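Scrolling down, you'll hit the structures one after another.
Look for chain A in each of the two complexes below; its partner is chain B in the first and chain C in the second.
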Partner chain A sequence: MKSSIKESPLFWPAYLEGATLFVLDETLIPSKFHYVKVRNTKEAVSVIRQMKTRAFGQFLVVLNTFLLEIERAKTFAPKKFLAQIHKTATALNNSRPTFPFSEVTGIVVGWANEALAKGEDAPLYVKKNIFGYLMGIRERRLGRVRQLASILQNDDSILTHCNVSGELAMAAALCKQEGKKIRVFATETRPYLQGGRLTVWELKRLGVDVTLIADNAVGSLMADGLVNKVVVGSDRSCANGDFANKIGTYQIAVLAREFGIPLYVLTQPSNRIPTGADIPIEIRDANELLKFGNRRIVPGKVKGFYPGFDVVCHELITEPIAINVR
Partner chain B sequence: MKSSIKESPLFWPAYLEGATLFVLDETLIPSKFHYVKVRNTKEAVSVIRQMKTRAFGQFLVVLNTFLLEIERAKTFAPKKFLAQIHKTATALNNSRPTFPFSEVTGIVVGWANEALAKGEDAPLYVKKNIFGYLMGIRERRLGRVRQLASILQNDDSILTHCNVSGELAMAAALCKQEGKKIRVFATETRPYLQGGRLTVWELKRLGVDVTLIADNAVGSLMADGLVNKVVVGSDRSCANGDFANKIGTYQIAVLAREFGIPLYVLTQPSNRIPTGADIPIEIRDANELLKFGNRRIVPGKVKGFYPGFDVVCHELITEPIAINVR
Partner chain C sequence: MLDNIKSGVLVHGLFDEAMFDQLASEAQEIFVLEGRPNFQTSKQSIAAFNKRKITPTLISDNMAGFLFYKKMVTKVCISYQAEDSRAVLSPIGSLILAVLGKKHKVPVYLFPSSEGLNLLGKPSDLCLLNGKRIMPKNFKGYVPLVEWVAKKYITKSE
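== the complex of A and B ==
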């Protein structure tokens, strides 16, 4: 029998209750554990603009916003329904530049057109499709958690970087339920400190033994034999297996190879981008580096360079733990 | 003709004027550029205990404190003189545990004994020896700056880590005077941020082109060909050429080798410790990692692991730029 999986709030950071979407405010973690209420497209755009949620959370907000709008207008005339779907899609597409919103909203618009062409009850048809789609993703992600848990062994000491949206924490917690002793070292992940703020918080919450380290301590830990596996996420994956992830992942991968430590990457395979060299790397505002919270580290005029991500070539990956999200 | 060297305040962070020692308060940099006045042993111990100065600065404070005490008591009876030297030495030795104070104070006590044995004017003899000793060190350190400047070439892009007490900044400034274009990338050096606070500040002050990066960006910069030399300092060096330096130096050295980028280390050779494996690594208080300034990053009970230094084996060094300080 499969063990039940304890869920991290970061695994599924937005859920629908009636006509309200509750979105985990990740900017407040770990100080506060708070969900923002979203009731319509306007509030959804606002929550995305304020970056209350990120990555997979944005994806959830986008899909659920259509459900909110369908719920709000119980009876739609077909023409009015399609207009509303388009209006919501446009508003979401224009919310922020970095996330490929139109890819996701395009799927929903496609379902709406399909329903009308088939003469189906369009709101119900779209609603069912969104639910089914989300449930499929959820099952596949839980499968990835189980797959990772099966790779992790008793007495493993895992290094992780940034935050892998609940999956590592849940796999480690599952291992614990199954009697495996697992220890995690989380890098703080400067400059945005996702490791210190999110990863440590969710691992502690699920009862996993976690220790925070400076990003600078990775090489030292490996040299001292304190780490025997590396687990990271992937922001973008390529056809050849290369992937981009939070800045710092690449140097961890090089160090892991230096010490023969296996590197596992939780990834959504994609064939859109041929190789890592084709991934455009976002150079982010240097102020995010020059400030800590709201406090400036270096006063006066200082240049900073902050590539947000780096690319790891597939030769450095031991095993991709892959699911198809889209 | 040799170019004159512009001096960084971090190169010689304590200077004597009359019966007052002015000690640069490095804890206030870069917000304030302020010297603390030290007039006697008690004030010297206080400035060391409060960690207003570090590394070479502590060394300067120790030697100059003897000069202050000699200055304060113009005429000494031989017995009283020796007692005073011993009293000062003991107070300094007990000021902090990490710095080898007794090695330095022992030298001065030796001179005092020597003077009395030879029937010399002991205060004058000790004073002359301290002055001569400091001048010798100063000349050798300036020599190291010139040596580094001669290695640096036009259009070099140098990565540095932590802070090398003025020497890199002065070498880069010297290159600039000589018409070489030099660019420096400084890691912020978490958790204590010596790079962000000290290195960027002193490089800017000497007019050197400097850009701050997150410690996580080193691999990415090298992969993108943005760095062609690495220059770091050394906290402790071994007989076989291994050295210990601020945590993070080791992984930079591994990455430099991965990309064939030469690594230069500014070092004081020593034969006291045979190899890097024999260097005891200080595990520092995790609170220094869990806090930023006075603000806690992760609330609640969180484990942190903070090795203060790591060890780089001599095979990873391209060229030691060595002087004998002691």
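== the complex of A and C ==
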């Protein structure tokens, strides 16, 4: 019999209730557990740009934003309805550059076109498809949690970076339920500290042994044999298997290869972009790096440079753990 | 936006004045790593470069790989406070730079440290940033402050 999976709040960090989308504000964790209310596309773009949600949370926000807009546009004539879907898609596509927003919005636009071509009730058709799609994705992600849990072995010591949207924490908790002893090292993940704030928090909640390290300690850990697997997520994948993830993933992948440590990546394969070199990398405001809590982190005259993501070439991946999101 | 950033030297450690004089004379862009948890290395480097009318660029410790990937690093300078026949003891994060240097064929230069660092910090060092609590109580932390870097990664010792 399959063990039941304990769910992390980061696994499904947004939900729709009536005409409001509730999005878990990940920037406040662990000090506060608060959901931001999103009522329209403008507010959805705002939570994405402010990084109140990220990774899989962005995917949920995109699809649920269409549901909000469909509710508003359900009495529109077909052409006007389609225009509204396009308008929503364009706004979401322009929110941040690295995550493949256009691939997700393109699916919804495709359903809207399909409904109109078939003479279906377009709002109902698109809504049904979104709900079904989300349920399918949820099942596939739960399946991936089980797959990852089967890869993790007793006494494994895992290094992770940033936050894998609940899946690593849930897999580690599942391992624990199954009697496997698993230990996780989580990087801080400067400058937003998602590793410290989110990964450590969710692993602790699920009863998993987790140790926080600074981003610069990964080499020491690997050289000293303190980790034997690396597990990371991915924000965007390419046709050749390259992927983009939170800044810092590339150097972890290079070090893992140097020290013979396998690297597992949770991916959502796509062939829309040929190689990692073609992925647009978001360069964020340097003040997000130079300041913390509105105060400078170091004195003196200094510039800042903050690329939000980096690209890992497929040769450095030991095994992609993929789900189909088409 | 990436076009606005020139390639340059990646600096990490605690250095004597001579190293800063040498880099100042080379007129290259300077990248300085934050040096978590206490920013000691970046604070020293920024002050020393400012004294020489140079404004360096600060990056987080996890951003070095990006610079190498984008071919934006011309050389790496790290400090060391001890050595044996096979390795040098350098500030935490130096091994990442040394391995990246090897992979990307970027020379790694070694300079004597101006002062010694403790071997290990406390988990509570990761608890605060700019005086603001960033971690809840009772978390486990591992805070090495130095690490051994094998000499096979070093191009030249100054």
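Just so we're on the same page, the second predicted complex is superposed on the first by the 242 of 326 C-alpha atoms of A that agree within 3 Å, B and C clash if a C-alpha of one lies under 4 Å from a C-alpha of the other, contacts with A are read in each partner's own complex, and residues count from 1 in each chain.
Keep this in mind: contacts are C-beta pairs under 8 Å (C-beta built on N, C-alpha and C of every residue); 3 or more make two chains touch, one makes a residue touch a chain.
Keep in mind the model is a prediction, meaning the values are calculated, not measured.
Q: Would you mind checking whether chain B and chain C clash or fit side by side on chain A after the superposition?
A: Once chain A is superposed (C-alpha atoms), there is a clash between chain B and chain C.
Q: Just to be sure I read the superposition right, which of the two partners does A:Asn271 touch: chain B = first, chain C = second, or both, or neither?
A: neither
Q: Quick check for you: in the superposed arrangement, does A:Ser4 touch first (chain B), second (chain C), both or neither?
A: neither
Q: Name the contact category of A:Thr75: first (chain B only), second (chain C only), both, or neither.
A: In the superposition, A:Thr75 touches no partner, neither chain B nor chain C.
Q: After lining up the shared chain so the two structures overlap, which partner does A:Ile283 touch, if you call chain B first and chain C second: first, second, both or neither?
A: In the superposed model, A:Ile283 contacts chain C only, not chain B.
Q: For the combined three-chain arrangement, which segment of chain B clashes with chain C: 20-28, 74-82 or 254-262?
A: The segment of chain B occupying space taken by chain C is 254-262.
Q: I'd like to check the shared interface: which positions of chain A are touched by both chain B and chain C across the two complexes?
A: The overlap between the chain B and chain C interfaces on chain A comprises residues 30-31, 185, 187-191, 193, 196-197, 200-201, 204, 210-221, 223, 247-248, 250-251, 254-255, 258, 281, 289-290, 292-293, 295, 297-300, 302-307, 310-311.
Q: Spell out the part of chain C that touches chain A in their complex, as residue ranges.
A: 1-2, 5, 31-37, 39, 42-43, 46-47, 50, 55-66, 68-69, 92-96, 99-100, 102-103, 123, 126, 129-136, 139-144, 147-148
Q: Quick one: in the complex, what on chain A touches chain C?
A: Within the complex, chain A contacts chain C at residues 30-31, 161, 185, 187-191, 193, 196-197, 200-201, 204, 209-221, 223, 247-252, 254-255, 258, 281, 283, 289-290, 292-293, 295, 297-307, 310-311.
Q: Which of the residues in chain B come into contact with chain A in the complex?
A: 30-31, 185, 187-191, 193, 196-197, 200-201, 204, 210-221, 223, 246-248, 250-251, 254-255, 258, 281, 286, 289-290, 292-293, 295, 297-300, 302-307, 310-311
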